[in-house]
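Two complexes come next, and they have one chain in common, chain A, joined by chain B in the first and chain C in the second.
Up next, the complex of A and B:
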């Protein structure tokens, strides 16, 4: 502290003279920035973060190399005659246990019904779905009279807890055992003369039925951010394109989308992170059964259903590693945007 | 290349009538300037022609074709916007090529036209840059270039120079005039700056509050304004106005401003007679007010006494700000004038160049 004051005194001596001449009150010494002072302001936040995030993370990584209750090395859980990765045994379990390696075809098939395969399906379908629906809605709502109302309606599901949304949609997808179908979807189908479908237990459509719920919830979020970006595209640029000979469709793809591409990228990476972390919908609607498991739900299952701390934390670490590139992309984008201001 | 017609065009925004019964026939290859104060409806008129606003009633024709219901992209016009509206994600080359690509122009042809336009505008070395790497003047050129390469029937400009500094504005003014001569196409140019209008236009349409005031050549507008608004708007510094009465004194007609009265030329008495006894507004341009000591030869003048309030020496002339009773007015006098601040002086009004307006209708009496 004292050192920094001395430092800034030397550095600021020229400026201080001018400051004194001005009618403004002198700036308190502590407000003057050196190399040290900014850290002082960051300290409380850093301390809290260290205690609640960094420490638990290190602890989690540590536990992922231990047995089911954290009392001995994971290597002790190896069984004779079975594959064993020693201290990485929990990772062997997390990474390979769901796969059938007997043949390439079996591996392919088992991959796509594993939590990893399902998570990839989730990412592809849900990110594409939310961004497309969000963007389409943002563009269209911009042109209707009751814009605010239309947007509020799409945003509404965001206000419902995911567990609540899961329950609502379980009713929609309900598959009655007798003649009467209380599920909305099936009653529509039967009233039209079709046969009811067990939406949540029929593989492979069940995963996609849950993804639809995810899209229903998250589209509003994407729309809000994309709508703000759309509003920032100057009208005159769009009009210039129209005068230049562009039809509406061309204006959208050749002018609007490229201009808001940075925002679209942020929305995509944010959604990827959200989907990777997503657990509640699967937990509520199928509990990960019928081959609908995802990585985040698997972590929960190992941790709190099987009470295997070692395996649960290993899955958690894998999940974090998967998320890091997307967080990196987001931060990089953010810094670029700041720099171009 | 085409003529453009506004035929009883109205454009309303709710209660606001932005364009009020506009009738203009713009000839092929003409450089027409729409001029008027801010908010008078110039932009709205131009945007209606471009198809960016739907008009409330009337008809707009390009050539012989009614374009009321034609989309902007099919009107074969190019527009230069006030903000330039360059596509921020495209290079200068692609900005200029955008419209041509949409029309499926062959690559070689696009290249030829873009390079030609870049040559004309002196932006060859900027073709690879993005708009944000350009200065205001360079962006302006690119915006013009984007319009040129399309070779449209009609060019529209909406205050294209208003974001440039004064020096660049004068330079671009000349370049746009040159461009018009070179391209031999119809130009329609919107500005609030009467100097721009006077220097560039073949004809000027003066608009106020959505209503066309007068449509004529720059010289005719300057010499024969139809009404008080046009008289005051065209010319810088603006025309001096005096309120007063037209009085008959024997055979002579006098303009009586209260503080002074001057005899009006006998030649005009037939047109002035009917207004005798009524309130009128007398107008005279600053360059037609002379120091009585330095009156040019062969002009008929009337003397008025006034007090010198401020003098501005410009080198080639002197601006005098004068007071006569409650009237203040400006004179541009010979630089040899010895009149100084505070002096009571005689100034001479050139009676060949007076303007008289009916005080109630504000229409010119002539």
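Up next, the complex of A and C:
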């Protein structure tokens, strides 16, 4: 859900002057052709959505209380002498298995190398990184003549698959032999007199090295939306502030940022959702090994590598629970926007 | 230029520096991929891709280290005929050559008082001795051929076919492009997956978008609000029940199964975009059409579809890129039976079956079509992005 909602004067809806106040108006009498016809137009879409989104969601919740092949209750998988949460056994496994609870310090340490800790690292670093790079680049590229080219370069990774990006960056991070470094990053380091680093297997930097790839991919997205928002800031306000003697820095933080804050919020929520769902990069670059696992990849591992339906779906449910606040925000923003049309 | 203008330009210098530096950082990794995919395998393994433009593969290192004893015709020592291809084949890698140079000859150091060549120089000597154009050329298209036919041997597809030593799954004719391990087959599979999985959602979304924008029915607003919520449901939430259902009905590994899944998941966003776009069309247009006695079907075909072309274009690019670049759905529902490009590459990465040169060529092949689509239709892509872009 992006910027045109926050800035209704941009994007495809903005170019047209609306003759009609709202896209959800009381439909004129002549357009009513019985109660049946509209459903004919809706039928294909509703059918596939019900079958592929709504029904599987409910089914997934059910399966998360079942055993590894979905034939009996999860409670039957409990072992004597082991902790057990009854039918919530899969959730016990999903929520606690990665943690070492022997001491608070061990718990803290194991949390930050678990898929949950890593997902939090991803969210914080990636959202901060993409929004910062995107906003800074949108502001700066606006002032140069080669703006279109500059933006296209930053935007290009959006066309590349996560798998392709994974290959590109695995090569950059390559950890070669003692004689030659064919990876760009290690080559720069050795030419400066440093020692090469195994970027993707050294804990804890490896997670951050994969996050950098994410930032590389998604910054262009943030930039595009933020640039559109920046263009919608009225020039008069900025000029007035400059005339009053405000420094560029002050103009940016005190005037521009507050005006585009709604768009920044939209971008941040969109990015958080994207990060939560992100699977491909981790899968391709480390496969979740070397303590780089994230929730989305863990779901895949449980389901399609360990073939445990119950555990896999339990992880999926946890993922969706993390996303529910954003579903709520999404609908809320939509309602506000409809009301203001 | 007066002083003010100069000052103004000077003040802009940091801006230029940051913008250009960022552009370089963003472009260089992809450039490295492209350059590597065009280099011969020996060069890829022994030197960084950035040296491809500078390093000269000449007789230089040979002249320095070897010509004194072996002569310029490489035959001075009868017991080491360096023009013998079988002998040279033993030292195809710099490491092997260096090992030889470290050994003694008749109790004397091989190199006498001379320092050993570096790994790079040894690699250059080895390729000079091989004296074949393939190894000496800086760039080659062989990696692309190897990637397309799925060649996983030690040499290259063309060389193996000439010598008749190709792996058993290759026939050295045009049919090799359909080798299930190759990117050629995967490219066709990707197209087969992507085109219908782009077209069907757009069609369904156009229907539903029209209903949401211009038809009256009970629960219209509620249903649409629900749809907005569905946009952020993660794919992972629905994979398991669907793959169980597909396994029971035999849809696993079929194109139909993937088309349907992508259609279902593309729907909420597609309808959202369509409805918002169609809602901005002028009401008079529809009113006069209905007054003239047009049916909904006529209006849909003759008014809605032509007018919605910009939205259809945006949606088309989005869905195309999404499906083409998707790994998870392809991995779960198609897997190795009908491998698409992303699957094939992820397999090459994780199994480490082939060198960087083939992997980079394969990755670049998979990026080719999306890049073309993206850069030729960038305008529509940006519009679609600005009109809302959360996707399963």
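As a convention for this text, the second predicted complex is superposed on the first by the 288 of 341 C-alpha atoms of A that agree within 3 Å, B and C clash if a C-alpha of one lies under 4 Å from a C-alpha of the other, contacts with A are read in each partner's own complex, and residues count from 1 in each chain.
We take it that contacts are C-beta pairs under 8 Å (C-beta built on N, C-alpha and C of every residue); 3 or more make two chains touch, one makes a residue touch a chain.
Everything numeric in this text was worked out from a predicted model, so none of it was measured.
*Asks:* On the A-aligned overlay, A:304 touches which partner chain: chain B = first, chain C = second, or both, or neither?
*Replies:* In the superposition, A:304 touches chain C alone.
*Asks:* Taking the superposition on A as described, I'd like to know which of chain B and chain C A:72 touches: first, second, both or neither.
*Replies:* neither
*Asks:* More chain A residues touched by chain B or by chain C?
*Replies:* Looking at chain B versus chain C, the one contacting more residues of chain A is C.
*Asks:* Tell me the contact category for A:246 with respect to chain B and chain C: first, second, both or neither.
*Replies:* In the superposed model, A:246 contacts chain B only, not chain C.
*Asks:* Touch test for A:140: chain B only (first), chain C only (second), both, or neither?
*Replies:* So A:140 only meets chain C here.
*Asks:* Residue by residue on chain A, keep only those touching chain B in one complex and chain C in the other, then list them.
*Replies:* In the superposed arrangement, which is not itself an observed complex, chain A uses no residue for both chain B and chain C.
*Asks:* Sort out for me which residues of chain A touch chain B in the complex.
*Replies:* 234, 236-237, 239-247, 250, 254-255, 258-259, 261
*Asks:* Which residues of chain C touch chain A in the complex?
*Replies:* Of all residues in chain C, those touching chain A are 12, 15-16, 18-19, 22-23, 26-30, 32-33, 36, 44-50, 94, 118-120, 203-205, 207-208, 210-218, 220-221, 224-225, 227-242, 244, 260-261, 263-265, 267-268, 271, 275-284, 286-287, 290-291, 295-296, 300, 310-311, 314, 321, 324-328, 331-332, 342, 345-346, 349-350, 356, 359-360, 363, 366-367, 370-371, 373-375, 378, 381-390, 392.
*Asks:* For the complex, which residues does chain A have touching chain C?
*Replies:* Answer in residue numbers: 1-5, 10-13, 16, 18-20, 22-28, 30-33, 35, 37-39, 41-42, 44-46, 48-49, 51-57, 59-60, 63, 70, 133, 136-137, 140-141, 143-144, 149-150, 152-164, 166-172, 174, 179-184, 187, 216, 219, 221, 224-225, 228, 270, 273-274, 276-277, 279-280, 283-284, 287, 296, 299-300, 303-304, 309, 312-313, 315-317, 319-320, 323, 326-328, 330-331, 334-335, 338.
*Asks:* Which part of chain B faces chain A closely enough to touch in the complex?
*Replies:* Its residues touching chain A are 50-52, 71-73, 75, 77-79, 81-83, 85-90, 98-99, 102-103, 146, 150.
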